[in-house]
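Presented below are the structures under discussion, each in the form of structure tokens.
Look for chain A in each of the two complexes below; its partner is chain B in the first and chain C in the second.
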Partner chain A sequence: MHKYVLRRVMLLVPVLLGVTFVVFSIMALTPGDPGTLILGQNASEEAIRQINEQLGHNDPFLVKYFRYVKNAVRGDFGSSYRTQKPVFQEIFVRFPTTLKLAIGATLLAAVIGIPIGIISAVKQYSLLDMVTTVTAIFLASVPQFWLGLMLILFFALRMRLLPAIGVDTYKGYIMPMFTLSLPVAASILRLTRTAMLEVIRQDYIRTARAKGAKELTIILRHALKNALLPIITIVGLNFGYLLGGTVLVEAIFGIPGVGTLTITSIRMKDMPQTTASIIFLSATYCTILLAMDILYAYVDPRLRARFAK
Partner chain B sequence: MSQLQRETRVADGSLSLVQAKHRKQSRIKQVWKRIRKNRPALVGLAILCIFLFFTVFAHLIADYDTMAIRHDTAHRLEPPSRQHIFGTDEFGRDIFARTIHGGRVSLSVGLISTFVAVLLGGVVGLAAGYYGGRFDGIVMRIIDVLMGIPVILVAISIAAALGPGVTNLLIAITIAQIPRFVIITRSMILTTVGQEYVEAARAYGSRDAHILFRHVLPNAMGQIVVQATMNVSSMILATAALSFLGMGVQPPAPEWGSMLSDGREFMRYSMHVVLYPGLAISFASLALNMLGDGLRDALDPRQG
Partner chain C sequence: MVLLAVVLSASVLAGCSSAPKPTVQEPVKDTLVMELKSDISTLDPQYNVATISGVVFGNIYEPLLYYQNAEFVPSLATKWEISPDGLTYTFHLKQGVKFQNGETLKADDVVFTVERAKNSPYMLIQTEDIEKATAVDERTVEIKLKKQYVPFLINMANDFMILNRKAGEQYGEGLKSNPVGTGPYKLKSRLEGESVTLERFDDWHGGKTQIKTATYKVISEATSAVIALESGTLDMVNSTPPISRKSIRQNPKLTLAEVPILTTQYLPMQLTKAPFNDLNFRMAINHAIDRQKVIDVAYEGAGQISTSVWPPATVGFSPNITAFPYDPAKAKEYLAKSAYKGQTIEYSIGYEGARKQAVLIQEDLRAVGINMEIKLFEQNAWIQDMKTGNYGISSINMTVSPDVHFWNRAFHSSSINTVLNFSRLNNKVVDKAFADGLSIQDPQRRIENYEIIANYIKDNAIVVPICYMVATPAYAANLTITQFRPDGYALLRYMSWK
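And then the complex of A and B:
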């Protein structure tokens, strides 16, 4: 088992190197040079050329890439063109906000999705099941940024219950979290329903019923426990997805997280900052996927038995 | 080849051809029969047809230049009325006209990007799944890397690197979803390749191309179509999202996402400017999801 975990963790290294290469290559396609971006359009050609020379902008692509990786291994991902500060300084300041948002939204989605999914499965084809299924499909189709705008319109502008932008108080997190979590809750709900439906038809459920176990015990202990694996997976996958998905929601609600940082630096053509932000978000995403895989191996007795050999 | 063998082969070949044709027809018929019974799928198909009708004939329903582009400051931010059924925006342009013309961009980017991604991703996934071995190993390592970056970030960074515009948006969105289809096709092929009929075909001495196109692909195609249908919906959302962030279609051209981002300033007193483009995105995406769900059920062999 430990060997499996170690192997998976080791595999993360080449993946992250690859991610760095892809992101770096995409960014290299972007027109513009650091000199002009740092000094502005009105700076003298000489000064611009000097900065470009200093930052090694005119070196061949591979030379630039290997220099980047070499520095990155030492923890130096360059400095922002805009603020001249090390790029990770800004990322670390903003990451807690993004993380809070993603964790909150994932928990909220699980709290909404799993119970309703279970009820929907237990009462299959009832009115409630139909209503939730249709609502879930609709929520999965609504664009998050529109949902966000509609929430702002009703709860902030019309009813004045919540702040429209910013996360200065806990109230500021409510709308962004709902915006992020509703589509995810919908997908968790649908998966929980399917997983439960499959389990409910198994023989051991019939046996539990036959021996006179209470319905609630049957559902929670016998059925849910067995349906939990795919549910855990989708919750984990969505957590990773939400880290990327916060980009839009942060932009709508004016939240100072890594997402807005990425968008702002893209707009400003602040290449070191953009590259580092995307690499950082991707690395976090990969780590979560890995953690899910390992958790899965621990939770599933079948997998555990296979790796124990 | 002996006379007997040749005869068997001809007889077998012609028989299987007739059978295959018959089977193909009856399978499509069967799927259609099941979809007809599936109400949500039918509703999805109907909504999709309505969208297609309005976007295809958008230029006949509302003139692009005079209604969707030209400013009319005398009629700014008018609520829905008989003349402007969705109202007008901050420049007095008809929102209905902009929504149906905008649909052209969203729907065509969604459809074209998915089609190209299915094709490119499909070829790679097919080759990787069918041949396996080292090639598969290399492809999967590359895919591992590409899947390590959240799709929306891939699309955003490519769009940012290429600059604004519909073509660049299309390229960004297509590239971002190729890895997904490599994985989907590969896993479909892997399940099919293990089947006995493929082994039989191989033992029979069929060529790779024959096995792939006759036996493997037709059986894997159903699931790929389902995934592609659902994917068009996600790509419509992604197109709108990128335009919302200012990376896609540029003004004054209409697009659902950019209409939302332009309208958000005015939504407090004129809700219609953000309501209708948002509903258009939601319903287009909803229709595709419902149809995809129905297709999946219809193609499920477990269904009687």
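And then the complex of A and C:
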């Protein structure tokens, strides 16, 4: 298992190299220069030219790319053109907030989606099943933007129960977490239902019933355990998505997160910040995928045996 | 499921009205929470281009003078003199002014400020004509220029903040997070990407302000900011989206202000490209557009029809220039005389927000027989195309320092391909008037000089002026604001709770 983990960690290097190359290429193809970004449109042409020269903007693409990789290997990822601050400082200031939101939203989505998915599968074709199916479709279709604003209008403006914006207190996290978690809960619910339906039709479930096991034990110990693999996959993938994909919710609720930082730096053509943000998110996503693989091994004894070999 | 039902019901009930709550007399507040569209990038006034940062550090620092309501008003300088040759400016400093680190303002601080500014690439335009600054005595400073440069006073006003030498030498680049100014507020705390909090500086030379603590919260989504204002989380929103203004006006707990600002909206045309190289075609466009309708529909009434391109608050603005009339019949006459053959012209925009105005203009032009297609470009690509002349007609919001001289960046021949002369205007009369304006001290003669440019632009329909923009901040009804900046924001010193 340790060898497998080590091999996966080392695979991060070519993945991140590939990511930086793609980002560099795309940014190089689009117009704009750091001098204008830093000094503004109204700055003198001479000053803009000086800044571009200092930053090596006019060097050939491959020279710029290899210079970046060389510095990155030494731990120097550069400073944001926009704020002049070290790029990872900008990310680490915002990451805890994004992480709290992502963890909270994922847990909430799992707590809502998994039990309802199980009940829906066990009570297939019942009224409850139909209601949860329709609700899941609605939640998966509703735009996050609209959902967030509706929650603010009701809970902040009408009821004055929660703050409209900001995450100064724990209350500030409630509405953003719900906004993020409900669409994810919908997909977890549907997948849990499908996975459970596949499992509860298996022979070993019929055997367990024939042996007189309690229904709850059959569902939780036998059925759910075998349905866990795809559920872990979707929960993990959504967690990874939430870490980088919360821009809309951050904008609506005035939350300083990594998503907004990334989008702003792309729009402003802030090359160092964009590259660092995407490297960070890629590395985080790869780590989550690795964690999921390890979790599979703990859940599925067949995979555990394969790793042990 | 119960949880889901509650959330879904909440979204439906959001549309229902609730019973009015009884009013409660509250004690006078001394705190203020305001919205900022984006996070500040620095608190060092000499290494900054962002208006947002200026809004915050404008409370911490002060310049020698302000330019407000079309006149120069003393600030840290009580009076100033200009030598007869126009090369030396002498400023007399106010006595007893304290910096937030306890130091007293001296002429040497102004000298330090100028020296440091000359080394900043962000301040090249403000300092390139300064030869040197000298402290004549403790409270008198002389600034000598390399050549006559009348807009120098505008450069020193509003945004040329005076630093303390001791703090500047102590912190160096660290001034961006450790500001030390003479203003009525000092930095209390900052949460990156989230908020900046200022607290009152009790030794301010102007007395004690009413607001003790002010927090600027970063909220990029305008609708959320307005909801936060309505719910009481915020006390002020600096700019309101058009869709929210009607409900704000109808809300007795809120005030919606309309503040004329220095931003002007106009349509540059590529003068070297057909059919825009045809004066009759350009005149046709200028007469075909119903500017009042554009203001009413695209900007919800927040605008004033432009006469000259630069707004009235600009030094050198002439009230003698009149706006193009909305005259479709005249437009058709001009069009008939032009070489336009009915081809589709491309109207390029660099952001989606410009589409509403573009659609209205498209309608007006179609009514007189001009076919126009609207094309949206990515912003950097759009700017690049505008600079290189790879466009036909576009729209732009321009904000320039309040002196006509600075419009040379949009209309002087030296600005083609480099700065903002998107029209690619190359005219000796215009260039000469810009050059002459640098050395004319008499205000009336300056106006007459710049009238030459304004008349040339109008008579030759160089651009299509649309409107002067108006900012629409909204704030709690029991908050009083007596003065706004030319960019539509307000300094804390002008705010108080009733």
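Quick note on the criterion: the second predicted complex is superposed on the first by the 301 of 309 C-alpha atoms of A that agree within 3 Å, B and C clash if a C-alpha of one lies under 4 Å from a C-alpha of the other, contacts with A are read in each partner's own complex, and residues count from 1 in each chain.
The rule is simple: a residue touches a chain if its C-beta (ideal position, glycine included) is under 8 Å from a C-beta of that chain, and two chains touch if they have at least 3 such contacts.
Owing to the predicted nature of the structure, the values given are computational and were not obtained by experimental measurement.
Of the two partner chains placed by superposition, A:237 touches none, neither chain B nor chain C. Legend: residue contacts after superposition of the two complexes on their common chain; A:30 is shown touching both chain B and chain C.
Judged by the touch definition given at the top, the superposed model places A:165 against chain C, while chain B stays out of reach.
In the superposed pair of complexes, A:251 makes contact with chain B and with chain C alike.
Applying the stated contact rule after C-alpha superposition, one finds that A:261 touches chain C and leaves chain B untouched.
Look at A:153: by the touch rule set out above, it reaches both chain B and chain C. Once chain A of one complex is fitted onto chain A of the other, the partner contacts of A:182 are limited to chain C, with no touch recorded for chain B. After overlaying the two complexes on the shared chain, residue contacts for A:84 are found with chain C alone; chain B is out of touch. In the superposition on chain A, A:213 contacts neither chain B nor chain C. Chain A is touched at more residues by one of its partners, and among chain B and chain C that partner is C. Shared interface residues of chain A (contacting chain B in one complex, chain C in the other): 30-31, 138, 149-150, 153, 157, 251, 267.
Interface residues of chain A, counted against chain C in their complex, comprise 30-32, 36, 38-47, 50-51, 82-84, 90, 93-94, 112, 116, 128, 131-132, 135, 138-139, 147, 149-158, 160, 163-166, 178, 182, 251-254, 256-257, 260-261, 264, 267, 269. Here chain A touches chain B in the complex through residues 11, 14-16, 18-19, 21-23, 26-27, 29-31, 134, 137-138, 140-146, 149-150, 153, 157, 240-241, 243-245, 247-248, 251, 262-263, 266-267, 274, 278, 281-282, 285-286, 289, going by the rule given at the top. Chain C meets chain A in the complex at residues 1, 3-4, 7-8, 10-11, 13-14, 16, 18, 38-39, 41-42, 47, 49-50, 121-122, 124-125, 128, 176, 191-195, 217-221, 223-225, 227-228, 230-234, 378-381, 383-384, 400, 409, 418-420. Contacts from chain B toward chain A in the complex involve residues 40, 141-142, 144-146, 148-154, 156-158, 160-163, 233, 237, 240-241, 244-246, 257, 260, 264, 267-268, 271, 274, 278, 281-283, 285-286, 288-290, 293.
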